[in-house]
Amino acid sequence: MIFGSDNWSGAAPEISEALMRHSTGLAVAYGDSDLDKSIENRFNEVFETDCAVFFVGTGTAANSLAIAATMKPGGVVFCHNEAHVAASEGSAPEFLSGGGRLALVGGNHCKIDPELLDKTAGEYPQEFNHLGQATMVTMTQATEAGTVYSLDEISALSEIAKKYKIPLHMDGARFANALVKLGCTPAEMTWKRGVDMVSFGATKNGCWCAEALVVFNRDLLSHFQFIRKRSGHLFSKTRFISAQLEAYLEDDLWLKLARHSNAMGAELEKTLRSSNHVRPAWPSDSNQVFFIADKTKAQKWLDKGARFHPFPTPKGMETDITENEQVYRLVASFVTQQNDIDALSEIINS
Amino acid sequence: MIFGSDNWSGAAPEISEALMRHSTGLAVAYGDSDLDKSIENRFNEVFETDCAVFFVGTGTAANSLAIAATMKPGGVVFCHNEAHVAASEGSAPEFLSGGGRLALVGGNHCKIDPELLDKTAGEYPQEFNHLGQATMVTMTQATEAGTVYSLDEISALSEIAKKYKIPLHMDGARFANALVKLGCTPAEMTWKRGVDMVSFGATKNGCWCAEALVVFNRDLLSHFQFIRKRSGHLFSKTRFISAQLEAYLEDDLWLKLARHSNAMGAELEKTLRSSNHVRPAWPSDSNQVFFIADKTKAQKWLDKGARFHPFPTPKGMETDITENEQVYRLVASFVTQQNDIDALSEIINS
Amino acid sequence: MIFGSDNWSGAAPEISEALMRHSTGLAVAYGDSDLDKSIENRFNEVFETDCAVFFVGTGTAANSLAIAATMKPGGVVFCHNEAHVAASEGSAPEFLSGGGRLALVGGNHCKIDPELLDKTAGEYPQEFNHLGQATMVTMTQATEAGTVYSLDEISALSEIAKKYKIPLHMDGARFANALVKLGCTPAEMTWKRGVDMVSFGATKNGCWCAEALVVFNRDLLSHFQFIRKRSGHLFSKTRFISAQLEAYLEDDLWLKLARHSNAMGAELEKTLRSSNHVRPAWPSDSNQVFFIADKTKAQKWLDKGARFHPFPTPKGMETDITENEQVYRLVASFVTQQNDIDALSEIINS
Amino acid sequence: MIFGSDNWSGAAPEISEALMRHSTGLAVAYGDSDLDKSIENRFNEVFETDCAVFFVGTGTAANSLAIAATMKPGGVVFCHNEAHVAASEGSAPEFLSGGGRLALVGGNHCKIDPELLDKTAGEYPQEFNHLGQATMVTMTQATEAGTVYSLDEISALSEIAKKYKIPLHMDGARFANALVKLGCTPAEMTWKRGVDMVSFGATKNGCWCAEALVVFNRDLLSHFQFIRKRSGHLFSKTRFISAQLEAYLEDDLWLKLARHSNAMGAELEKTLRSSNHVRPAWPSDSNQVFFIADKTKAQKWLDKGARFHPFPTPKGMETDITENEQVYRLVASFVTQQNDIDALSEIINS
């Protein structure tokens, strides 16, 4: 009955075994080992295109350094007002980009509204230095609200990015969860729909610590080696990331893990919807489930050992919940089992 | 015969096993798990004092964030002109500290000369904004030249730091190698000699990716949680660092590994000194060995499969080597074996 | 009929004369001349309290460096979403503060709504590094919408700043215009109401280039000398700012100039309200006047030589104006004369 | 007998008169007025080529923003170890360039030694992210030591800059003093010798506050408008700079002022050389004169009202001066008169 976050899990056994397997022997450091190169190539296969791949250790690093790499002086990045970059990364996007700005765009359930994006981006005329210059759109797939952009919704954002001649970045901290939900290929969910780069997250879905910034247009990140190094994000023993990703991508492990956590998310949602003690906040598309509950009741459940977190009330939902209520987030992961859900159900409904 | 760097090694088996052992189950993320807390306490025991411990993933992050955490506007950090922060961290100290400056201080074989430090620090009068204000001294133990500061040499630097009312930081990327060389305790090599904080490196000595910033005066880094987060260096599954450090510190594994690599360094040095084809650059105190060789010969050895790197000629040694010669660095690690040294010897002497 | 901005004016004759008067002779540079010191003392008299005074050249520098001086890692500054720092300073607050973030707060007519401020500031719990830490509230007096906070409205904001233990900064680019509107003393409009520091703007009100950051609690800006210098904002011949401010503050010149521009603003408003071709956007308290007009008509007036600018539709007013309409800003300055207003009136009403 | 610095002077009468002349009337702000444009064109004439001109308020801003505009991630700027950017700008080059690094290069009397520059720049191989990437060479003309690079010496540096494919910047805080010394045209001292951009300083030579960044290759600074704005260095009433420069460049005022201060420098040097109480440090080419004197004697002269400053002992001169001696700098300016020199002479020789 622990649903605090999918990053409360450890690592899948295959991941630890890969680390054990690659722990012996000597290999060139700083990303130039044979293993590192082979995993980079593996990404080319997975995404069915030539792409540059940069390993980093945290999703915040992947997102912030992507923003840094495309930043311009007085630059402005467009994101949803509840996006991870805006709400959970401690101003790393601003700091690591040397003072860039996030311009927040609304939209239901953490999805950027294309019309609002167009309107907001339109407020930054080229060459007008008093306000700033547009540099990037970043979207999250799956979103912080557990929702998943459809392929057409991705296209809608990429068209606006193109209109303003700025790249479209996808924060894929839960890339696999979105992918199995849509049932498409990585290529279909990204560059075929106009996405220019992806923070490909593997940590939340079974790795210890493995994120990859995948860039479909190599020119975009020409200085990235320096950007990563000067922020302390170049590991010496990069093998430890490559080894994890080797196991992660082998035999579709990543998709299996994501299917499991999504299925557990769906079970969790079904169970909660059947209870009279909570009410759904909005439908989930992935492994994150959101419910509204009475604060006093929720505290009791927490006291009994359940683990989940309050979630800030999204803009536009202020009137949907009373003062005694709160939106809560519950996250299933690759280790969640039916009996965790049953135990939670018993606590809630007893 | 691979002596490229100690970070070309993978991980000690005990480290990978600890990762396997802690991979199951759920635990609070972002450094608040029981394991994280227990390892922080373990550091208090190891250093025999109350200290704050912050895990990060790279030595560059540990050093640069220590510099950032004590930075002031117009701040200047004093370091050796061949220190890792100055020569190998891609301007991360400057970038992550928001534009701080490194003031380079000379000294033989990568050890800061106390008199030169005093002279240099004295050039920054308080309140004189045109030049900048002194904020920190950072020393490397063991140094990039394989030498190790004696306890009295550490005291000499800390006295000058105290004179200018700035903290003394120790870059301990090879902390264990220095420690077993001196045969003292961690406390004796640090706070008992006036060191205020340490980048405690474990990666080069058997971990995959585990560094800890250890601070003896908690007030010094009051905002560190925010500094680490805003630079993308807070891991979600911090357990993966804690697990490594658990094994690292257990049963003196770290000291055993360091003793091994130092012993291999000594063997390597002995072997090289007995050869007519190279000549020693300076005596080594640890696992890094430096020799001068003819460039053409060295290239032949590399062509035969040996792995080692040229090292920039230290200031003051320009006249000691001819134009056809070069200083080379060879590094032993916890995986180095006598037969590696023998193989190298055969290549060099054949 | 030029109402583009109050910074389209040059300098009052008294200002230029002061520059001429102080142009001869030699004086210590970088703020340490007798004249510099005497003007700093003059500010102590004007504000009836001990205060630190730092001269800079632009309002953007004054605001951004105030933000920088109180910034913390992961820091967040609260301001109105249409504030100058957010809408017209090209991300200087973020850049000069090393990556700080502005959190935008709503409120009618550019005044921060105290309840919304309380709610927003409350979203940043202390020690929660994922979102950031509150560092400052900055308000604009007079606002970008020409409105003026009443003394009680200032108190309301300072109480919330105190609640969150953060300083309250006042962007006083049009300080004098607000002051003469309220008819109170500088002390009454600032520290007596809990304001901790002021960007005291003189440029828009008759100087060439003279801004002063006035701080009532000297501890707040202990490193400011370094912060100003490292951003290139310390002038060598600071006399040229002091000389301007000497004339500005002498014989209440600054209040006379502000009274004139406010009176011209009132005349302008009266004239526009009497026209059938425009409609008022909201009532003005100072020298900036806002009207809604048909875009096609407005273009005709511009073609005839009138000068004024469109103003972004404030949040909450979207439904008040039709698609063919636009909010326009007209600014009176110390050089505006009745015949300018008459000429504009003729263009609009002909 | 005030020789503290050339920035202790106020403004030439022609400068103040120009400010008075342009103080009336209204003009577009932020650099778009007719006067601003005409002065930019005037620079094209002065430099006999198409160039972009950006006005700023301080030499530190001009230098630092030039460095910022050409900065790359992990970027390194080469300058003399006693250059103004390294010794007197409070880390503004690092801060305003977002954490760039200065690599110090030696050379006698503040002139960069071309061989040392070549050697130092050669230590930064392209694509090697551990050390950083070369981004610019910046030289000072006239230097901080009062010396002036000959045209061939400028060519020597520009050839090395070209070799490493990085721009050559000239810090021209005392551009006019160097120019009249060499007796050549602005074009001959800059782009005809491979200089890519110039910080054209007018403040020290008779203006209140007027510096211009002049760029011969417009592509180099494509984002400069944003870089200047985001650092708070875009003035609203840019007319106040343009007006100064109008007078400065009219009828060769700038050359006349520089000839005067150089002539006074030569007189000062002659007078000092004739004294038994001081000895020359090195020959001066411009308005800055350097002498070695006994510290006790110097203090007496200062007590009698003379004004000059100690100068840090240049590298390589440590053995030339005894412990009781000190190098002192004396600066003549456009307001220095023969009787100032006579008064100093009397103090020294009495």
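Letters A, B, C and D mark the chains as written, and numbering starts fresh at 1 in each.
We adopt the following convention: a residue touches a chain if its C-beta (ideal position, glycine included) is under 8 Å from a C-beta of that chain, and two chains touch if they have at least 3 such contacts.
These figures come from a predicted structure and were not determined experimentally.
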What chains do subunit A and subunit B have as common neighbours?
C, D
With centres defined by CA atoms only, which chain is the most remote from subunit A?
D
Between subunit C and subunit D, what is the separation of their C-alpha centroids in Å?
34
For subunit A and subunit D, let me know how many angstrom lie between their CA-based centres, rounded off.
50
Cα-centroid distance, subunit B relative to subunit D, in whole angstrom:
40
In subunit B, the residues touching two or more other chains are 74-75, 89-91, 94-96, 98-99, 129-130, 132, 226, 229-230, 234
Give the list of subunit D residues in touch with subunit C in this complex.
2, 4-5, 7-13, 15-17, 19-20, 22-29, 56-61, 64-65, 89-92, 94-96, 203-204, 208-209, 226, 229-237, 239-240, 333, 335
In the complex of these two chains, what residues of subunit D are touching subunit A?
30, 68, 72-75, 98-99, 127, 129-130, 132-133, 223, 225-230, 234
Complex interface listing, subunit A residues touching subunit C
74-76, 87-91, 94-102, 104, 123, 129-132, 312
